[in-house]
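Labels A, B, C and D are assigned to the chains in the order they are written; within every chain, residues are numbered from 1.
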Amino acid sequence: MNRKRTLFLPAMALIILLGLQSGVNTALAQPPGQRPSLPPIPITSDTTHTLTRHFVPASAAKKTPDAKGFIQRWLVLEPVKKDIARNSILTDSYLRTTLSADNFSSDYTIIPKNGQTVKVGDQELKWYALDSKTFNVNLYHFTYAIDKPRYGILVWLVTVIDSPEEMKNVRLAAGANSASMWWLNGQEALTIPGDRDMVADNVTSQRLTLKKGKNVIRGAVINGPGMANFCLRFLNEKGAPIKNLTISYR
Amino acid sequence: MKQRIQIISTIVLLLMLLSATAIAQVGKPFIHDPSTLMESDGKYFTFGTGGGGLISTDGWTWYGGGVRPGGGAAPDVVKIGDRYLIAYGATGGGLGGGHNGRILTMWNKTLDPNSPDFKYSEAVVVASSDGVEDNDAIDPGLLLDPTDGRLWLSYGTYFGFIRLVELDPKTGKPIEGNKAINIAIDCEATDLIYRDGWYYLLGTHGTCCDGANSTYNIVVGRSRKVTGPYLDNMGRDMLKGGGKMVLDATDRLIGPGHFGRTVLENGVEKMSCHYEADLDQSGRSVLGIRPLLWKDGWPVAGDLFKEGTYEIESVRRGYALELAVDFVRMPGGMRFNRNSDEPIKPVASQQLADVINTWPAGNIPARIGDYMGRPHQKWTITDAPNDTTGYLGGPYYKIVIAGTERALAATADGEVVTVPKFTGASEQLWRIDQLIDGTYRIMPKLVPNSGKKLALVSIGDSSPTLAEFDFNSDNSKWNFKTH
Amino acid sequence: MKRITITTLLAVLMTQAVIAQVGKPFIHDPSTIVECEGKYYTFGTGGGGLISEDGWTWYGGGVRPGGGAAPDAIKIGNRYLVVYGATGGGGNHKGAILTMWNNTLDPTSPNFKYSEPVVVATSDGYEENDAIDPGLLLDPTTGRLWMSYGTYFGFIRVVELDPKTGKRVAGNKPVDVAATCEASTLVYRDGWYYLLATHGSCCDGANSTYNVVVGRSKKVTGPYLDNVGRDMMEGGGKMVAVTRGGLIGPGHFGHMILEKGVEKMSIHYEADLEQAGRSVLAILPLVWKDGWPVAGEKFKEGTYEIESVRRGYALELAVDMARMAGGMRGFGGQASNEPVKPVAAQELADVSKDWPTGNIAARIGDYMFRPHQKWTITDAPNDTTGYLGGPYYKIVIAGTERSLAATADGEVVTVPTFTGAPEQLWRIDQLTDGTYRIMPKVVPASGKKLALVSSGDSTPTLAEFDFNSDNSKWNFRMP
Amino acid sequence: MNFKRTTLLLAVGFLISTGLLLQGCSATSKGKTNSTSKADTARSIAAYFTPATAKPKTPDAEGFLQRWLLLEPINKPNRTNTVFTDSYIRHAFDTLYFSNQFTILPKDGDKAKVGEQELTWHALDSKNFNVKLFRFAYGLNKPVYGVLFWAVTVVNSPQEMKDVRMAIGSNSASMWWLNGKEAAILSGDRRMVMDDVVSTRLTLNKGKNIIRGAVINGPGMSDFCVRFLDEKGQPVKGLTISYE
């Protein structure tokens, strides 16, 4: 089991904990007693806030999708703070309302610059151009690395796909934890509502056309408690990954 | 858990209601001993005992009109090259009082009597029984062996042995010097099929021609060699009466017999038979077409699709086809911390009325989501009203969200949506075929502005679309669940 | 259980007969069910656990110290190894998994004493793992002991333990085998390792989306791929169990092999709407289809024909076959313009008056969908006993009280009235191939455990169950 | 398809033929049936049976009993086999057709008087696993349809054998007794299928055990096969069969 619980909800956490203990004690016939103390748990990880552990700052070097077609180069905006107690509130309507309100630009083809700051509400947020070391982009690692809130976040994303030719009937395939929305060249392509796990090809778009040359992908991942990450690739008509693309952040 | 008995009768009643729609074929599908279904000139044909036969333009509505000279009984047909070889018994199996029988074959370039090419060749005798020997030469079944192109004929009745002879696929005549081999007893209306390294001998056991009291049932044995021995699931030789059940009486369709196999494409197979009595059609003998399934290497009759309310499960991931609407929470949340002495009482499940007002009025996309047993995941599937068309073995279906007229529909860009109201348009009509592994294929009758034959496919775990059917991918498969 | 009025909707009707377990089966994250000294045990989150005498009625009373969450248990030799996460998941993802031994799981036994727990895995709150939700596998091919653990917070990991000590094998390094799941466990079968895990959201009552998925690998260390070839490291997983009507949010799979061909799986449902929407223990048959585990069907009360898998004939009363009106309506004699109309099927009242009044033998006959072949199967009234996962059933000819019963000479008959005697109570288990085993609770004057078996195509008897023979298997067919 | 229709039933046959004709097709062009008889029409049972000898006979490899005393068929006109309900055959076999019907252990060539018929017992070994009563009657120039056969054999068991089962197939209905007690009943219009009906658990005495059977058939083929199965469903070994 794993109750996705956030740190900034102490009241709720307390209720859950109390509930757990009282429920356990009465329902499961465990005699009341002290909650056992945890054994010592050694810290073996590098706990410093370091971006380069999971990411490489994006360079001008040519970047292609990985062997399975996943897009690993992204412009990632520092998280917009959101008070979200549970991911199950992330319905389609919630996504639409929130993402149009907490947006840095309603021009979905805009390409921000690495290091640029933008305003979302009264928050001043900075863009990072990053290459993920894994097939997916772990936003939890990202927010930890830049020492920003890890839970209750909305993260905006942009990347630029260079296609050698026009490609019809391709599909954008994404998985995200938790909810997300995706746009291709300004057009809404995908909505992934709910308390989701990041699963490759969890949701696919309708048939789309990649233009010859630059295509702008915009994304937004929103997460309350728990892990936040996403993976994204393009599939051809047969469901196979498209790999003859190049990815840039400009 | 004891007080449920009083409602059992209601359950039974409902189940009967649900099953009352399992009909055989429509039109005037009256026939006995139908030959294996054949497609010719874009139509389906089957011939029966006594001459004549049925024709269908879509495979669902059948009328008389087939022409087969020679009379007698229980023909079979196989297509060899661009010609059709028809075999039939000149006698009727005891009809003439004895067991003196003859089997003849003849060719035709088409089965359509309206075609200028329609002309049967002179029939030639390929097997006979003298009335005394342990065999009655009627009920032929033909197999063109796909592994080596040889042509085999099985024939005979419960009167002695089922026999196997080899014919020349070029002439339809017996191979010179070929001797008949005994391969079974106790059956009649046999047919041979080949699949995946095995030869299967399908035969009909039981009593025919007694209306609703007929005990006809179709059994099978299999062998690595076409000449046998054909053993059943118990290892029993069909020469000693063995046979594993393929199809027997189901509800109001009684006495299936005279198996024929039709392979439509990889993973989609049908079987034809007659039922001695269809209680919904005056208890007359009718043509039956069912899905043919393969289970552990054995053929088993599939189920006719039953109208009802279902959850539609994607085999890819196991999620449910649903409306893309906001998830509406049920009251309450975690009920972890309950006092164990609290009285236990049922909680109402979510009802359509609780959520329908939150749904948009226009088209709503379809998607695939976690099974939640919720109203936006329940689909009522019924034979489409005011539509008489169909496909091999079934009518087109209307698929709507239960309790509404919101209908699943194909779009011109090859996707699926739900439209607020079922209009009967072709893109709202759905073909449902049970596949050989027991799962289902769901296809729109028409993809607007497209000549393509596309099926409902899971392109992502959560995303349905229309794409080419591929039996080798779980993306193309669906299940209907009543949980 | 409660009563439901006839006016209830169809959907409810179809599902209401399916309940999880009875008694007070309230638990979350149940450990794999383990038998000990004739009783069944499962432990849950927060300590404690459930005990059952028969596998059907469950009450609290299990004792597991250490609190925390989501234990698992396994019998190794004559001892039980219990493993649990000291933390509860969430919060800071700092976790520790501990194992401890006991000679018995029965807290009333003088031998009941847990050994000092030892830490076998931890997560430091920073790494991509949360060390809770352990699952144990004693590999039957090698005798090695494996533990999977972790949650959606990072990876599911596999480590090796020493089956003699329950401690981590020295120097063993965790292997990442999956992402985006929790409550994992490993199963071995027929050359494949299966990683069962739970996706979705827990702990949200009827709104929980918990579901059990599986991937498989030829090696215990993976890669575990699903039915579309997707690695569980990428979130892959083929469905094993989902929400069924009012039983919402299955999670925390456990596997039990009772004997060859008879397997069960344990889970909890996040909410059983029949039981106040609480989290309950459930036991389902486990079916293997094309090499994949699938949750079987909990037997549903109803009226069925009982089909012998041997030949495909139907279990029936040995009474005279009563003809329906009319005979051949075949291919001759009728003008094809005769109006087509339905014909009534044979009803019980048409034939039951001709049946003998005393015991009537059971036999197996051609399927005819006639009243002497229709059996109504219900949870036996006034009987609270059961077996692992189900209650005993009463099997009567539909519309009558004529009841199927075992006899002292190991045969089956029907008796005119159901009395509730144990030889009239039947255990029904779905087998791993999807067919069913049917067994009387008791064979009178016999200690033998016999099942309903086809001794001939047309003859039923009671004999030892043999999964390798179609004689021992039955199907329930609905009209 | 195959109508089981006897020549006793010309009227029905006519109706059926007419029916086919009415449907607009010449169904049975009987006159055209000119295939020549390949089988030996000089009737004999030699192709199917040999006279039983005093030499001990064991069951065949699968345990089938191939040595029987068979009584020539008793006329029992039946136009269809669907009348063979349990009640019908119980009554049909309760009827006394000849003296000592349920106790007699006849000798080869013994006669039995049944109404007007004088019938002979034949001690025979079947060349097949089953006993083809149709061929027995046909070969002896006796009626083949609408008939009732009696069969008796003696099984010698080297020791008492408990929990054995008698496994029978017959066409059509039949009833069987072991040492005077009813062992099995096969009702309805049946095909002969090995192990179709299996008795409850029986005991074979050490030494002689008398098996008696009666098979009734209207139209169509008539035959039976019998063997003993052990508790595991395997054929019982070690038996010998005699007819005295």
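By definition in this document, contacts are C-beta pairs under 8 Å (C-beta built on N, C-alpha and C of every residue); 3 or more make two chains touch, one makes a residue touch a chain.
Just so we're clear, the structure is a prediction, and the values are computed from it rather than from any experiment.
A.B. asks: Suppose chain centres are the mean of their C-alpha atoms. Which chain sits farthest from chain A?
C.D. replies: D
A.B. asks: So using the touch definition from the top, which pair is joined by more C-beta contacts, A-B or A-C?
C.D. replies: A-C is joined by more C-beta pairs in contact.
A.B. asks: Just the number, please: Cα centre separation of chain A and chain B in whole Å.
C.D. replies: 47
A.B. asks: Please report how many Å separate the Cα centroid of chain A from that of chain C, as a whole number.
C.D. replies: About 38 Å, centre to centre.
A.B. asks: Using mean C-alpha positions as chain centres, tell me how far chain A is from chain D in Å, no decimals.
C.D. replies: Here chain A and chain D have centroids separated by 80 Å.
A.B. asks: Based only on mean CA positions, could you tell me how far chain B sits from chain D in angstrom?
C.D. replies: 39
A.B. asks: If a residue has to touch 2 or more other chains to count, which residues of chain C qualify?
C.D. replies: Only 24, 26, 28, 60, 200, 203-204, 207, 209, 237, 321, 323, 331-332, 366, 469, 471 qualify.
A.B. asks: Taking each residue of chain A in turn, which ones touch at least two of the other chains?
C.D. replies: 3, 16, 20, 23, 27-28, 88, 194, 199, 201-202
A.B. asks: For chain D, write out the residues touching at least two other chains, lowest number first.
C.D. replies: Expected reply: 16, 20, 23, 27, 82, 188, 193, 195-196.
A.B. asks: Go through the chains and record each pair that touches.
C.D. replies: A-B, A-C, B-C, B-D, C-D
A.B. asks: What residues of chain C sit close enough to touch chain D in their complex?
C.D. replies: Touching chain D: residues 318-321, 323, 331-333, 363, 365-366, 409-411, 455-459, 461, 463, 469, 471 of chain C.
A.B. asks: Which part of chain A faces chain B closely enough to touch in the complex?
C.D. replies: These residues of chain A touch chain B: 3, 16, 18-20, 22-23, 26-28, 88, 91-94, 171, 173, 191-194, 199, 201-207, 235, 237, 239.
A.B. asks: What part of chain B is in contact with chain A in the complex they form?
C.D. replies: Residues 324-327, 329, 334, 336-341, 367, 369-370, 413-415, 459-463, 465, 467, 475.
A.B. asks: In the complex, go through chain B and note every residue touching chain C.
C.D. replies: Interface residues on chain B, with respect to chain C: 1-8, 10-12, 14-16, 19, 28, 30-33, 48-50, 64, 206, 209-213, 215, 217, 219, 233-234, 243-245, 248-252, 254, 276-277, 279-285, 296, 309, 315-320, 327, 329-330, 332-336, 338, 340, 342-351, 370-373, 378, 437, 473-475, 482-483.
A.B. asks: Help me check something: in the complex, which residues belonging to chain B touch chain D?
C.D. replies: 32-33, 49-52, 70-74, 90-97, 100-102, 125, 128-134, 136-139, 157-160, 185-189, 205-210, 213, 215, 236, 240-243, 257-258
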